[in-house]
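Across the two complexes that follow, subunit A remains constant while its partner is subunit B and subsequently subunit C.
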Partner chain A sequence: MRLDPRSIDPPGARPNAGDPVLSVRHLNVEFSVPSRRGLLPRKVNVRAVNDLSFDIGRGETLALVGESGCGKSTTGRAILNLIPPSSGTVLFDGRNIAGLEERALRRTRARMQMIFQDPYGSLSPRQTIRSAVREALDVHDIGERAGRSAVVDTLLETCGIRPDLRDRYPHELSGGQRQRVGIARALATGPDLIVADEPTSALDVSIQAQILNLIRRLQRERQISFLFISHNMAVVRNVSARVAVMYLGSIVETGLTHEVLSLPLHPYTKALVSAVRVPDPAVERRRERIVLSGEQPSLMELPSGCPFHSRCWLRKQIPTSNRCADERPVPRTISPGRTVSCHFAEELG
Partner chain B sequence: MTLLEVEDLTVRIDTEFGTVHAVNGISLSVERGETLAIVGESGCGKSITGLSLARLLPEPAARIAGGTIRFEGIDLVTASPRTLADLRGRDVAMIFQDPMSTLNPVLTIGEQMAEALLRGNYGVSIRPVRDRLLELLDMVGLPGGEAMLRRYPHQLSGGMRQRVMIAMALAQKPRLLIADEPTTGLDVTVEAQILDLVGRLTEESETAVILITHDLGVVAGVSRRVAVMYCGTVIETAPTDTLFDAPMHPYTVGLLHATPSIDADADEDLLAIEGVPPNQLRPPAGCPFAPRCAWRQERCWVEVPQPRAVGEQHQVACHNTATREEAQQGRPARLAPAPPPPNLFGIGEVVTFRGVST
Partner chain C sequence: MSAADTTAAPATRAPSNSYWRLVFRRLRRNRPAMAGLVCLVVVILAAVTAPIIAPYDPMKVSLADAYQSPNAAHLMGTDKLGRDILSRVLWGSRNSLKTGFFAVLWGLAIGGVLGSLALWGGRIVDAVVMRFTDVLLAFPGILLAIGVISWLGRGDVQMTLAVGLSLAPIFTRLLRASLLSLQESDFVLALRSVGVPRRQILFRHMLPNALTPLIVQATLQLGTTILTVAGLGFLGLGPEDPRIPEWGTMLIEGAQMIQTFPHLVLGPGACLVAIVVSVNLLGDGLRDALDPRVRR
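Let's look at the complex of A and B:
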């Protein structure tokens, strides 16, 4: 298949979708960090998120997947303006988050919530879980005061917290129960978008399944959009129809999850997918693994050109080209909803 | 030939809240050069089992309360500290999940590797040792040669630190390597590198491996046999293919159905195992999995099931095992509701019923 390099579809834009809930364009996040190089201390800028663009439709889930340090969590936080982006726009419901003043931002935040990997860190140890959920309603002044405890009970019920646990403190709950509380609190404000950052990574398999099923129920019943951040491809397959694969601050590939998993196009995605273990010995024996050499380079020593070229196992097949080292590939649309940032995706496909 | 034979191993841990029944009479065996996986969720006793096998439990708080561990005929439970010191590092080596906490932060990689290599035999000349260290670095794929030997653990990434641990563990070509979650916390691409490395090196040196993990995907790709642990007991042991193909214990069935896979159909919900594992300070009277089990019967509440052979190398500790069809469906064929616990309230703690058969 020949690709049209002039394709102008924004990466991540979905075909035939209504107005997206979230529209991210050319998002950059930079951190200023002390440099270890040289005699005198000085600050250098590290670009953790590099020119990211994607949309999330109403009721849709997009997964950001990648390995540690790829910038997926930073992206999630930048979208909620918890980390200020250094450039680019984040449109929530058509309005630019960065331009909002304090009060408007607060109102908007009620509609964008976050679930964390470790809800223990985000729940106050001195607050019962009932009051933790109630606080979200009080802060955003949602509903009549008198009716709020009933709302809290309904929320906890929805998330599967038994009545006898509701007056307990976070340390008295198991990890899975705490995550249910974290979800109940995120739901309290009636959000349109939830950024879920590795919500099941700290949980055991049997408990993880409970939480994933809860998230799937919320997707079906509440039309909430999710940005689901995870390092685990199998989990992503389970909760997200669409996926964006990140490497070193850039999105290298986007598409429908089952397509990206069955036919990855970017050499990094190919390696990542091949490294995922399948819980089936017969499948495992058949699978060919692409073992990458080395590790993800430091953001402080970002490779020139394609961020992946220093580890790219397929580059050997294009021996004459220096393009990978010289020119940063832009996301190109291969088919509707499917983009890849690789100069040679079609030769390698 | 059997390398390691564990029989009826029981481990108790004293805590300020009471005694934790960490391991309750498990039996395992490992053949020469074989890879056995021990799989289970947090708190099931798999790591405590691993530590017991190397006699590395933090004694006296944690103690082996019964059973035998025979390693090439020597009972490690009763062996002298001297014998154990000789075995550890030479015949039995161990690697852990977090190499940062097992490596010494103030010593260089080279110093620590030399320590593992010399094992107290100091006063040797430096050149052959250095050559051997460089060889070891090469073996585990760590670049940089002598410069690498001068680096400190914090200067390495998680994957590189694990390579250092592997080099130290395999320096003496041990007969048994106990690997406790060696790739947990590492990225998948690095995990692939590390498992690849461990597999290749242990095959070359014919080292048997006990791989302790929570990840069924890792089990499927790496081991020949599997033991599944729940609440301090081994509830099912089988060749890997059999376990994935025709699991019989309801917990194994549940675990397989709860594990998301990139191969699975995403249209359907996962079959979660409801509830949480029991408190091991006060283990339940009957089968530890009964409170969460859809296959349970009346007797499961009161009678601890003992492991029994159900096929070649296949043992299950369950009163009412899943059929092949049920295992595929992930739920029992009979639609009768699982019986509730017998009314024990008012007649003392459940724990007093432990061991009583009816």
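Let's look at the complex of A and C:
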């Protein structure tokens, strides 16, 4: 199965269709971790997600991209309130998730689900896959009790699980099959939004394409919104019309996927995009890789000003200004739907 | 048909196996563990059928037959009162196994409740429970048991309660630790995101998955516990009625004469060693068989 983004409609594209399903404003997530500095043990607050704002429309897919440790997964979990946000609002269908008490939160969870990176770890080892999917229906009391096992079978079939596998345990399935079960379970409650946390990165490349196709079918047929978390730009362009690039807890650039890929504005995005292989061999040969020096700074010692300035490979072009180190850039709208958090995005072009 | 409509690997195996059947199959391939299991079953059978298979009344004194070495009439010889040692060992095994088994069960019960409570009750309950187990752990198990026996008095039940209590902190800590790591696992996160209530996650998913290390530990502890019970008997805290056969009591009696009549300690000693060794072999085998990471 080949995936060619130009031969099909941009997947998950439906911007500006009414109210957004999910609206995140100024989301912050902090962890308290023991500091290794100094003699006495003390706790330090680490900000894993820093002032994040974005919207996801109904039936739309937004991809969240960045290297590992940049806070993508934390963002996904904070949206589902699996990790409590320390401040900011997460409006799901107009209601703030952060303020909900346990019972109401559980009801809301039926409508927002999650697909996990590790398809083995996310299924209970002592449960057949059928009962794992069924549990989601039972918990939310969906449909007639008698009809539920038929619903479960249909769901598993939709996700490509053969009928004879239904009574298997997770350890008896392959990685791709387990991921299909995880998707079936997420679909069971009929969600409006699914947070897919690197759903393909633990799978073989051939299986990745199958899972991506399954996700695309769900986008098409069920109008489910996705927050698709990934570190792989090549994967993202196959499932998402819009992308947000994250670095060190902040979004540095957002825009339509094909625009961001063809003309990245933020220096970090440029580096990220330069790592994507191009199908056209002529273009591929001319592709120049931008390799960032050093590692992502520790969250415990966030750089002042722009979070990226310590690794920015374009900063030498603007030697006269100290703005990068002094002032934290805010997202600026460059064109409709396109924002970038860099003081010099235009000059550096 | 697109690739999405077919699943990855063709399944050629027989219908699904339940978890426990799989565990047993893996256990059966482990020879030492099976040897331990067989040995343990034999000991349990002997204990259960002691009234039938014991050749003599274990309490029948016959001073004329005192201190006989093993012979055809008395396979393990006789003690200072002319009682048949084999019969006493057989009857004594009932006491040892029963006390050991129920002590472990009692310890598991306390540990299970305390361990779950530590996780469920939040920070303060957790701290209280953990400090309590610290206090219990600060005493050597046998010392703690002696303390409890001196408080409750001597007897079967008291012994069981005392030894069980000394086991409780081990199980508490073990359960708490595995629950804590399960709590951070992806599948618990997945259950939470599906919206499964907290109680259901704990009872239906976390506890069954935390059982594995507990089962292994309980099996291994059974050996230690039987030793502890014998040790308490050795220290003179065994049954109040000295006529009742008890391995620990038999050992201390025999130890006084070990140079002249080594056969006095040989019978109970060998049985004790056999049980402890076989329980340990079985426990090790169970640990491998139950480990979900070692597949098939």
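Basically, the second predicted complex is superposed on the first by the 324 of 349 C-alpha atoms of A that agree within 3 Å, B and C clash if a C-alpha of one lies under 4 Å from a C-alpha of the other, contacts with A are read in each partner's own complex, and residues count from 1 in each chain.
As a working rule, a contact is a pair of C-beta atoms (placed from the backbone, for glycine too) under 8 Å apart; a residue touches a chain by one contact, two chains touch by 3 or more.
Note that the structure is predicted; figures quoted are calculated from it, not measured.
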First, second, both or neither for A:Phe116, with subunit B first and subunit C second: second
Subunit B versus subunit C as contact partner of A:Leu165, first or second or both or neither: second
Contacts of A:Glu327 with subunit B and subunit C, given as first, second, both or neither: neither
Subunit B versus subunit C as contact partner of A:Met233, first or second or both or neither: first
Which of subunit B and subunit C A:Gly176 touches, first, second, both or neither: both
Partner chain(s) touched by A:Ala209 [first = subunit B, second = subunit C, both, neither]: both
Contacts of A:Glu346 with subunit B and subunit C, given as first, second, both or neither: neither
First, second, both or neither for A:Asp93, with subunit B first and subunit C second: neither
Overlapping contact positions on subunit A, where the subunit C interface meets the subunit B interface: 174, 176, 207, 209-210, 213
Subunit C - residues contacting subunit A, complex: 2-9, 11, 13, 15-17, 19, 185-187, 189-198, 200, 205, 208-209, 292, 295
Touch list for subunit A against partner subunit C, complex: 1, 77, 80, 82, 102, 106-107, 109-110, 113-114, 116-118, 121-128, 135-136, 139-140, 160-162, 164-165, 167-169, 171-172, 174, 176-177, 180, 182, 185-186, 188-189, 207, 209-210, 213-214, 217
List of subunit A residues in touch with subunit B within their complex: 67-68, 174, 176, 204-210, 212-213, 216, 231-235, 237-239, 257-258, 261, 271-284, 289, 291-292, 295-296
Interfacial residue positions of subunit B with respect to subunit A in the complex: 41-42, 157, 159-160, 187-193, 196, 214-221, 240-241, 244-245, 254-264, 266, 269-274, 276
